[in-house]
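A, B, C and D label the chains in the order they appear, each numbered from 1.
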């Protein structure tokens, strides 16, 4: 058989581990693998290179993707269905394995619905893809955030401050939930549950009243206050009219400083959460996903993606994966809230 | 309510996270918690101290156990059932939460069968407890082993050697399987599947024939050769008549050196796998276990232990947990073998 | 003898290692040690506790300071000289060992000039104290920044972006210089050398022209553009009139985006650089400093501080330490520039 | 100009950083660089490849050496002087930069004395090369050993054991000294000072008498007991007549167990200390060495090697570097002993 593989969307630790695993497993079965460059672009423009054992030597522990990536543009892709089909035929490909997040999987579904033989591999540090217990990249992101929180604790204590630490998670609070729980943050704020700033201030204030000298608040970048509860307006525009430098951690630090009379400082962890060497957990998961994708190709099980359920790797319909975002359920949030 | 907690058995990253979580959750519910010193000994000798928020401050990320531990002696415990019952009554305890491995859980079952109100929390770096998808400590152990393997790769290559890396796992090969997969080891040997040394040599030799300059073999300490296949006798006795310094990695390195004509060296990772700061993954799991143990006490759900199933924390009978050892299934081993 | 110790100023990995070392060395010599709480405040208000072996058990690898800290207020201290003298007499102290940065050492000099028996220990993550080759805390800060840069590289590449990474260093560029060199940043900007934004853009642009897909610029927080060379005004005021959220990385990312037509993003590492477990290097240096401080007390060598010169720990006058800031010399900057 | 570079001897973190730095600096000066394969072998057999910017992209943080290495055989080299001279002429090389340890530098001196234009770069994790304050690789090795010791502490305590941790250092105790000091080991044994096992037992025993529950002894692999003081004979031969599996940690654990009646276990860290990603400190030092080697070539300063003195990179005669081994001075050992 001949299998194409591509990576699409933002950086995510474990992408190379999937690529390597696809190549190793395919190689063992006598298949050939080619890699498209820069995600869907490579498929649409027929830009690729062959991938053999040597091509993937030493990449298992490397962050990034040796194939390059690009953000998916679904419209562009829609117009490209026939081009993609033609390239598959030209290249003699029996299947394509796109590795990517929600956008990529939607695109995969679109092509799959058009009859192309696709097997998806889900990828997101945000852990927000439904139909799988967890995605690779998430454990690494949580680990990086937790390491940072561990370090920030001694600094917050030394300076007798409140630190508001913004972690990734525009739509879901999984990274905030897990890193906050792992590091023992004193409050965790997630997009799924608009927060009441007065409550946050009260909780933090109670700590200081009890004689503690610092507090750590973990906030997902997409967490929002209950409407009308914040004194400082939504800081979405900066002085240059740009949107990107503001953020909830900044607002919140101003609010808490005002309300508590304690120094509060925002720390925005940013991109560091999505790059670099994957944890062992993510490498194992990525490797298992890559292998199973090849198995699925051999079984002709198209229009599906790999997923983790308990300790098993299973195949689930792409439709299930993209139907809804996997958000933090109330029970998990309350569980966290009651032990911090 | 009044709850006693104890830790028993070998070191395992996450023990303190469970203790802290029990104290936090119990505190939020208005309960009191006491900690018995040195595992079951503390219960039998009524040696304990109160545990409040301050007593568990800062321990979440610490390895070891602030309560101390000791190896369980079931016979000793059997004689001590009535003493334990009396101490529970004297101390006004509504429940005891023992945190430990197979031996501890067996002891817990024994006491539970005698009518004592126990809720177990499983603990083992080996991941060999049935009835839970995974135990805390395992992810940290795999992470430590994987970091070591990552480092050893460059050294093996630089010296053009075969390195035989012995990881923990006397009865099961979970750490070997996961760290070997995470680090891309070239062979993984586990207790569940006696190995043919000729096959291992062939696999490693094929790598050198293909022009590679090194190989890494990961072997669980409990892995055994097929009878009669090793030239070097079982090295269980050293020159002083002691057992403990020998081991499979050492035997294997002698065999491979003989068969391949390449330098082979054993590396025994040892205790470093079971100590120190837990990973974020293990801290989250340990925290969730601790919280659920308190919930179970409140529900009067005794004779059971906390377990992870998929993404959920559930309660399972202690009997299920100790009935069989959770070994590496053939499918998982083959999955690993086909991607290395 | 009886020795007082205090820590003052911002968080710095290694403070606890110094405290422990002072206690261990003093204990071996039959001395007693007391620790003042919260830096100079403890001395002025006579707020302290005894420090013996048990009090410092397990703190060697911990970030922060078990004694607490506070920012020094020299004026306050000036008025407090006689109070400090009285407390020393009351407590029967033969010497005080203040551990701190430039401000603390200036305060120490003031008290020393007034005749108080002081032995200083220099501390700063910024490495800007003259008269010592290096200070503890610096190696840890550089390590944290380098780890972050390693991770950011794969992300920058994956997103085909320029990342402008702001590291600590308000007055000197040591952290930027070392972390930039360690991580292979493509430009390093320091306070000692105002930068020409056109030059930076040209250097980064040349990388893209040569087919590279990303660039990393490391900038010390105190780096400044040559006057009049930036299109975007100095962003020191945010929309709320606060100063602290703006910064050079933000300005620079706007400028580079404009000039290059590439996505550029600021990443501000922030407080994470100054907290948490010290590196082995910093623990050794801190331990050697603490020991030598006690030796100096025994030699009656007051008004001086510990310093590293080559591989030796020596004593230097406090006056030398606070006379000038140790800035990055031109030769070191050029050395860096020519290998990136 | 045209410069050859080669790496020789055992694995050492930072080798690739030197190679990259040589290529970058040479490139900036308009020079060409070639890399010989597998150390001196490559020079003698004229086996090499060109090294440009792309050839060294991404290797700064990688362990091992992209050029390969081999153990130096001085006799072989002596016969090869004329061949080496001829190859230099054939290749039009103006200089060769060998990167290696004591053996390599001796070989370099031999060739240099024969008139070949050589500039050495010292390399050893053992830090035993005279004429430089420190060598790259050492900081990484100490860091790895310290991380392991940190982890082992909680395990030793949990199991109430003495752990005897053997670190690298056949002839000198630098790694033992620094990692032992960084981790707060309770005894540190080095080759420079034969140990009295009764004294070690007494020191460890005193800890237990004082109520402590564990002890960590760090021992360099080359540390030796005072003659006639050990009950167990030198374990240099194992049951197969091999030498390599025995060692001082093993002997010592048997002795301490006998004398103290406490469980004692050896842990041999082994090869993990010399592989993998270098620390930021080592990357900076390696980069500075590489750059200075190129500068020295341009200055025609042959027969010398790069060295660190304080904060400066200087050139020193190869003769100085190989004249004596840099051992741990008594003052440093006593300094360590008095704070543990």
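Observations on the model:
In this section, contacts are C-beta pairs under 8 Å (C-beta built on N, C-alpha and C of every residue); 3 or more make two chains touch, one makes a residue touch a chain.
Quantities reported herein were computed from a predicted structural model and do not represent experimental measurements.
Using CA-based centroids throughout, the chain positioned farthest away from subunit D is A.
Mean C-alpha positions place subunit A and subunit D at a centre distance of 40 Å.
Subunit D has its Cα centroid 29 Å from the Cα centroid of subunit C. Each of the following residues of subunit A touches two or more other chains: 150. Looking at which chains touch one another, you get A-B, A-C, B-D, C-D. Interface residues of subunit B, counted against subunit D in their complex, comprise 10-11, 62-65, 68-69, 144, 147-148, 150-159, 163, 213, 232, 235, 237-240, 242, 244-246, 250, 254, 265-272, 274-277.
Subunit A contributes residues 20-21, 24-25, 28, 60-61, 133-134, 139, 142-143, 145-146, 150, 178-179, 181-184, 279-281, 283-284, 287-288, 290-291, 309-311, 335, 338-340 to its touches with subunit B in the complex.
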